[in-house]
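Mind having a look at this structure? Questions to follow.
Each chain carries a letter (A, B, C and D) given by its place in the written order, and its residues are counted from 1.
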């Protein structure tokens, strides 16, 4: 079962074309990722600070399938996939609720665990590795 | 009773000082305003588009009382106050949940209903006026 | 010769990890695209409004190669490539200036010209088509 | 003579009403502040990180006088004013260029130098104090 995050489109997400700015689809998926980590017991304040080990996004791919307007109700699903002991991918879908529901975007990101001083790859912290392998 | 909006601090809200960027406190209050309007039956897609009548913010004042880190749980309260037939103010408080709760910011905005072609003030639409006077 | 856009990393671009938030790399490339269009004589206010024909981004791919901190000086290059009469791609590189220069990201976006009422593909407007074919 | 920063309105600054989102006026003024600090020889990466001493914004006031559309050319002026040995204010004006020029916003922010561990006020660092007193 994928993790599910519910979100309403805010006015600040939109641009002068009247719909969500393309880069903000990625930010919405990142929110879903944060909620998934929090639900797995990971402390977000520490996780996303630079505490010597960081897990930056190395790659993103997104297919934008439908425009989203202010007030739209979204369901975002997040599925992690292991790549190696130091990296994983996330597959997210943004579904616009309504009748019928419509897939508004598919986003895939790759995350690489890194020692921020040495700039070398390092294994995922245990709690994160457990979340990925349960995904 | 003020309208209440619950919000978690997202990573994208923060800046390199590790806490929410000051301008994003205002964006968070605007989300609460949107939710209050939606709860009052106002269609956000139409309301926030330029349909000939717009209700831009003419003034904001904010006191930033406490830093907010990623993952913090917030309760935002919104209280509208009539100024005249064509304008109103919002008073918002951002409360950081926890033991004890702490007020993280107080924000006041002024909104002026405007004809977007003529650039002149015009009375609030009835549904908005009703929401303000009920506030 | 690619179009070149110079940009400094702002504090608002960064997140609590101390570096530019991943989705903001895409926003920075979009700024470069806007500047390239303006340099080609295209009016941005009209182009990016919904005037019946819109050119939304249908896909993005980004490789994030290096973190970027507040104050970093960037050179962003933009190269358009025709896909068909109704679509094109942009290839952008974000270079962090300094000694030595480093490539911080490579971003590719696909743009599809669309009739916003009919939701069907439509040929690129002449000025945009000219810019793409000159690219 | 105030510090002057030139800026073009980007698509990402705008919202579905077709103009710059109100909170982004504050972000634009912050960019001007960053440029003023950099011009005074202050290293932004260090200044805006949490290195034990931070200078958060404690209050903002903004009057939004005119809407700004994508592609608009802006001149932002920044004038610092001392408040005490541990705090200062900035007065910013956002001028929309054109014939005639128009003032689009006036923004005032208060900045308080703070020990981030002790959460107590502390004197401005010398380089910042020098910039404020020269303002």
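We take it that a residue touches a chain if its C-beta (ideal position, glycine included) is under 8 Å from a C-beta of that chain, and two chains touch if they have at least 3 such contacts.
Keep in mind that what you see is a predicted model, and the values were worked out from it rather than measured.
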| item | value |
| --- | --- |
| Chain pair with the higher count of C-beta pairs in contact (C-D, A-C) | A-C |
| Distance-maximising chain from subunit B - centres being C-alpha averages | C |
| Between subunit B and subunit C, centroid-to-centroid distance (C-alpha), Å | 31 |
| Distance between chain centroids, defined by C-alpha means - subunit C, subunit D (Å) | 26 |
| Distance from subunit C to subunit A - Cα centre to Cα centre, in angstrom | 22 |
| Sequence positions of subunit A contacting 2 or more other chains | 11-12, 14-16, 18-19, 21, 23, 27, 30, 45, 48-49, 69-70 |
| Residue ranges of subunit D in contact with subunit B within the complex | 15-19, 21-24, 26-27, 30, 45, 48-50, 54, 56-64, 67, 109 |
| Residues of subunit B defined as touching subunit C within the complex | 11-12, 14-16, 18-19, 21, 23, 69-70 |
| Of all residues in subunit C, those that touch subunit D in their complex | 8, 10-12, 14, 18, 27, 30-31, 34-35, 38, 43-45, 48-49, 69-72 |
